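Read through the structures below before going on.
There are two complexes below, and they share chain A, which is joined by chain B in the first and by chain C in the second.
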Partner chain A sequence: MKSRTIKVDYLARVEGEGALTVKIKGQQVTDVKLKIFEPPRFFEAFLRGRKFNEAPDITARICGICPIAYQMSACHAVEDACGVKITGPIRDLRRLIYCGEWIESHALHVYLLHAPDFLGYEDAIRMAKDHPDEVKRGLRLKKAGNEIVRLLGGREIHPINVKVGGFYKVPEKREFFALAEELKWARDAALETVRWVATFSFPELDRDYEFVALRHPDEYPFNEGRLVSNKGLDIAVREYDQNFVEEHVSHSNALQSRLKERNSYFVGPQARYNLNFDKLSPVAQEAARSAGLGPVCRNPFQSIIVRSVELVYACDEALRIIENYEMPDAPAVKVEPRVSTGYGCTEAPRGICYHRYRLDDRGVIVDAKIVPPTSQNLKTIEEDLGQFVQSHLVIQKDRLQWQCEQAVRNYDPCISCATHFLKLHLESE
Partner chain B sequence: MALRKPKLAVWKFSSCDGCQLSLLDCEDELLAVADAVEIANFPEASRAVAKGPYDLSLVEGSITTPHDAERIHGIRRASKFLVTIGACATAGGIQALRNFKDVKEFTSIVYARPDYIETLKKSTPITDHVFVDFELRGCPINKYQLVEVLSAFLNGRKPNTPPHSVCVECKQRGTVCVMVAQGTPCLGPVTQAGCGALCPGYTRGCYGCFGPKETPNTSSLSSWWSELGVSDGDLMRVFRGFNAYAEPFRRESEAHEK
Partner chain C sequence: MTAGPSIVVIGVGNEYRSDDGVGIVVARRLRERFLTKITVLEESGEGAALIDSWKGATWVMLLDAVRSGAPPGTIHRFDARAAQIPTGFFHYSTHAFSVAEAIELARSLDQLPPHLIVYGIEGENFAAGDGLSRAVEQAVESVVERAATEVREALNV
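Showing the complex of A and B:
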C-alpha cells in the first residue's frame, strides 16, 4: 500500500521552535504529531523560592510577544492570594495596556505572519513588493499598539512599569493626547484590515469544537470573568485545576491540556468572539457583520478575520478608556503577603493564560503553575490537521504541506510560550 | 556590476523570542533593513531559507540541550560575523537559574515524564561554545542598539554601544537619583547602560536587565542596599535574575546565599 509523509522540519512564521509530521497510509491519515522541540526552561521550578512581587517580571520572560499577558495573570493571581481586588483607574489602565498588546500581537500575526499564506508569499517582506500599502498599514498598526505598551509600560518587550498592586508610575491625562490621535487612525486602519482579509479565500474546515474563554457580565474579557464554553463549562478561575488536566506526551517539550470531562478544546480570538460576541462594541460588531461573519465563526482559517475584528475592538476600547481616564491618587495599592493560594486567568492575544501561586507568610512562592494558551490548543491543532489532510489527500504535496503550515498558523501558536512550537513533517510510510 | 546584498541570518536557541522580535518591532526601519540585506534565514518571519555562508548571523538564546551545543558550531562555521543578542545568548538568561540547582529536580517539578526531556545541567551563553564577534546586551535588547549593530557590521565598523553604567544615562536624561533622593534600592551603578535608564524614569530602581557593566563594584553596592534595610535573601535574589550567570552577578549572589 502506498504511504507518504508530510514533514515540516522547522515551522516558520510562528514564535518558537516546532515541527509537524503527518503520516498517511493508503487513503488514511494514520498519525499527526506536532512536535515541540523548543528547549524546556523550567519557569515553574525556579519560581519556587522567589518573592511574590517578582512573579510579574520573571514570568514576562516566558514570552517576548505577549509579556503583558504573563504580567497580568501573575499580578491577578498574586493579588487573589493576598485578598486584594483592583478597581477604578488602575483596573482601566490594565485593560488599556492589554489593548496595546492585542493590537501589537494581532497586527503582527495578521499582516506579517498569516496574510502571506493567503496571498501566496513566503513572507511579508516579499509580499510588501506587491502590496506595499497593506504591509505599511500593518506595521503602523502594530506600532500604534506598541505605543500604548511603551507609554504605560516603559518599553514594548518586557515592560518595566507593571507591578503587583498596579503600576510604579501612572501617566497624566494629557500624556495620552497624541496617542489618542494615532489610535483614531488605527481604528480606521483596523476596519480597513477587516475589509481586506474578508476578501481572502478560505479552505473549508468545520469541526465540533469546544471553545473556552473568559466571560464577564459587563465587558469583552481581558483580566476577569468566569471560564465558560459552548458545551456547558461555567466555572470560577479557581476551579481550573479541577476541570483541566495537562498531559506530557513523548514528542513534545510542551505539556498538552485537555478538559477532564470531554477532551480537546479551543482558546484564543475565535473562542472569545464566539462566546462574547454580544460584548463587542457596536463598531466591532458592525465590522464583523459587514465581513460576512455571524455571532459564531467556526472555520479556523477565518481566524484572521476574527483577529482583525478584535483589532477594531481593541482600538475602540483603548480610545474609550483614554477618554474616560482620570489619574488615580496613587499608582498602586499596597499588597501584603499572607499564607494562601491565588489564581489568575487572563485573555492573552492567543487565549487564556492561567497562573496559580502558593505563598508562605513572608511572601515567598512555594509552588507555581502556569498554563500558556498555546499548550491548550495543541491537541486541537493536531486534530485539525488530521481532518484537513484526510479531506485534501488529492492536493499536490507541496501545496498540501503549505496548507498544513497555514492550518497551524491559524492558531498563531507561540511555541516560546508552550515551551516553543512548530515544524511540519508530512510523512507517508 | 551590481553589488551583492549581504546575507543576514537570525538563529534561535533557548529564549522567549523577544530579542528577535525587536527586529520586527523596528516598524519604521524594517522595510529599509530588508532592502539593504538579503534575509537568508529568519524562521520567525519567513518560510524561505537560503543556504550559507552568511555575512552576519544574529544569535538569540542560550545553550541548554546537547543538540543545540552541536548546532551552534555549524552556525559559527557558516557565518562571517556572529553577534549574540540578549541576556540569554550573552549570559545564559533566566533559565540559567537551573545552574544553581539540581536540574533533575527541576525537570520533575515541571514534567510528569522527566525521561522524555533532554536537557543539559547548565544554561550557558554562546561565547562558552564558539567565538563571538560582538555581544549585544539586554533583556530585552534595545531595538535602536540593534539597528546600530546591524549598520556597524554591514559597514565594517565597530558598534557604538557604551559600556558605562545606567547611572550615566540617568544623568544624561536629567533623572534624579532614586537611590539617593528616595532611598529606593537600584542596580544602576553596576548595570550596563543601553535601556535609557527606563526604571528610574518610572520611579523604580534598576533591576539589572542589561547585566554587569565593566568593572562593577557589586559588593560596595550591596553594603549600600543593606543600609537601606535589604536582607541577604533579597540581595541574593536581585543579583540572581536575568543575568544571574554573568560572572560578577553570580559571585555577588553567592556571597549572600546562606
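Showing the complex of A and C:
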C-alpha cells in the first residue's frame, strides 16, 4: 500500500511549543495526535496552602498573554466561595480590563500570527516588509489594549492592581480621557481590520461542532453567565465538573477536556460569536454582516474574521464603559473567607477559563483546579486536522503542511497556558 | 529623568519557569545598582510588547534565557544593530513570537533603537517552578558585572 509522510517539525507562531503528528496510510488518515507536555499542575499545587486572596496574583503568572483571564476567573471563584457578588462600577471596570486583554491578544494573533498564513508569508517579519502599514496598525491596536490593562492593572505584564473583591485602587474619570481618544482610533482600526481580513481566501472546513461559551442575558460575555452550547448544554458554572472531564491521553502529558455526554467541544471567539451574536453591539454586528458573516460562522479558518469582529466589539464596549464610568466610593468590597468551594469561569481571549477553589475556615486554599481554554480545544484541533488532511490529500505536500499549521492557529492555541512549549510534528507513515 | 541618553534595561522571562527567569533576576540586580539612573523593565517576552517597551530609548539592553545547545550558564552577547539575531535561539522564552522575532520585526519596520545589546544566558531547566539551576545561578554574577560595565559606559557617553 502506498503511504506518505508529512512532517512539520516546528509549529511557529503558536504561543509556546508542542508537537503534532498526523499519520497517513494510503489514502487514509490513520492517526492525529497533538502532544502537549505539561498541564498547569504546578500552579494548582503551588496554590494549595496559600491564602484565598493570593489566587489572582499567582494564577496571573501562568500566562504572559492572558493574565487578566486567570485573575478574573480566580477572583470570581474565590468570591463565589465567600458568597460575594460584585456589582456596579467595579464590575464594569472588570469588563473594561478584560476588553484590554482581548484587544491585545486578538490584535497580536490576527496581525502577527495568523495573517501571514493567509497572505503567504512565513512570518510577520517577512510580511512587514511588504505590508508595513498593516503591521504597524496591528501593533498600535495591540498597544491600545495594553494601555487599558496598564491603566487598570498597574502594569501590563502580570498586572498587580486586581484583587479579590475589586481593585487596590481605581482611576478617576479624567484619567480615562486620553485613553478614550486612542480607543476611538482603535475602533476605526478594528473596523478596518475586519474589512482587511474579509478579503482573504479561506480553505473549506465544516464539521458538526459543539460550540461552548458563556451566555449572559444582558451582555456579550466576559466574566459572568451560564455555560451553554448549540447542542443543549445550559448549566451554571458550578456544574462544570459534572459535565466536563479532563483526561490524560497516552500521547500527551497534558489533559484533554471533553463533554461527558458527548465528546469534543469548541471554545473561543467563534463559540462566543455563534452563541451570542445577538449580544454584540450594533457596530460589531454591522461589521460582521459587511464582512459576509451571518449570525453563525462555522468554518474555523474564518475565525480570523470573528476575532476581528470581537476586536471591534472590545473597543466599542471599552468606550461605552468609560463614557458611563463613575468612580466608586471604595475600590473593592470586603471579602471574608469561609469554609466553602467556589467556582469561576470567564471568557479568556481563547475561550472559557475555569477555576475551582476549596477554602478552609482560615481562608487557606485546600484544593485548586484550573482548566485553561487551550486544553479544551485540543481534541477539536486534532479532529479538524484529521478531516482537513483527509479531504486534501491530493494537494502538494508542503502546501498541505502549511495549511495544517494554519488550521492549528485557527484556535490561537496558547500553549504556555496548557503547557510550556508545543512542537508541532505533522508526520506520517 | 536625566538629560543624557535614555537607557532602558529589559529583563525578559517568566520567573515561574525556572531558568526562564534569569533575565528578570539580572535586570533586578541592575536596578538595585543603578537605581533611577536607568529604566529597568520586566517583560514576559511577548514580542509586540517588547517593541513598545524600547520606544523612545536611545540605548537598550535585553536580558533573556536561551537554549542553543551550549553548556548551561554560557553567556551569549549580540549587538542587534550590527547583525541579525539568530531566530530559534530564543525559542525557549515562553512565547514563539519572542525576542529574536521582535527585534527582526522592529528592524523590518525601522523601529530598532540606536543601540541594542542582547544578552542570552543559556538555561538548563525550563519546567514550571521557581529558582534557577546551579550553573545558571553561577552565571548571574558575571552577567551582572558585564552588563553593569556596559551600562556605566553608556551613562558616561
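Methods note: the second predicted complex is superposed on the first by the 422 of 429 C-alpha atoms of A that agree within 3 Å, B and C clash if a C-alpha of one lies under 4 Å from a C-alpha of the other, contacts with A are read in each partner's own complex, and residues count from 1 in each chain.
The criterion applied here is as follows: a contact is a pair of C-beta atoms (placed from the backbone, for glycine too) under 8 Å apart; a residue touches a chain by one contact, two chains touch by 3 or more.
None of these values were measured; they are calculated from a predicted model.
Participant: Record, for the superposition on chain A, whether partners chain B and chain C clash or fit.
Facilitator: In the superposition, chain B runs into chain C.
Participant: Have a look at where A:54 lands relative to chain B and chain C in the superposition and call it first, second, both or neither.
Facilitator: Only chain B; A:54 stays clear of chain C.
Participant: Could you look at A:125 and tell me whether it touches chain B, chain C, both or neither (first, second, both, neither)?
Facilitator: Once the two structures are laid over each other on A, A:125 reaches both partners.
Participant: On the superposed three-chain arrangement, identify whether chain B or chain C touches more chain A residues.
Facilitator: Touched residues of chain A are more numerous for B.
Participant: Report for A:174: first if it touches chain B alone, second if chain C alone, otherwise both or neither.
Facilitator: neither
Participant: Examine A:154 and indicate which partner it touches, taking first as chain B and second as chain C; both and neither are also allowed.
Facilitator: first
Participant: Going by the clash criterion at the top, which of the stretches 40-48, 112-120, 166-174 or 220-228 from chain B hits chain C after superposition?
Facilitator: Stretch flagged for C-alpha clashes with chain C: 40-48.
Participant: Which chain A residues are contacted by chain C in one complex and by chain B in the other?
Facilitator: 12-17, 38, 40-43, 61-62, 64-65, 108, 112-113, 123-126, 128, 135-136, 139, 142-143, 146, 156-158, 416
Participant: Give every residue of chain A touching chain C within the complex, in rising order.
Facilitator: Within the complex, chain A touches chain C at residues 12-17, 38, 40-43, 61-62, 64-65, 107-108, 112-113, 123-126, 128-129, 132, 135-136, 138-139, 142-143, 146, 156-158, 416, 420-421.
Participant: Mind listing the chain A positions that touch chain B in their complex?
Facilitator: 10-17, 38-46, 48, 50-51, 54, 57-58, 61-65, 67, 108, 112-113, 122-126, 128, 135-136, 139-140, 142-143, 146, 154-158, 160-161, 168-169, 246-250, 253, 255, 405, 414, 416
Participant: Using the touch definition up top, name the residues of chain B that touch chain A in the complex.
Facilitator: 12-22, 24-25, 27-28, 30-31, 34, 39, 43-48, 64-65, 68, 93-95, 97-98, 101, 103, 105-107, 109-113, 116-117, 119, 139-140, 195, 198-199, 201-204, 207, 209, 234, 237, 241-242
Participant: If we count contacts the way the header does, which residues on chain C are in touch with chain A in the complex?
Facilitator: The touching residues are 14-17, 42-49, 51-52, 91-92, 94-97, 101, 104-105, 107-109, 126-129.
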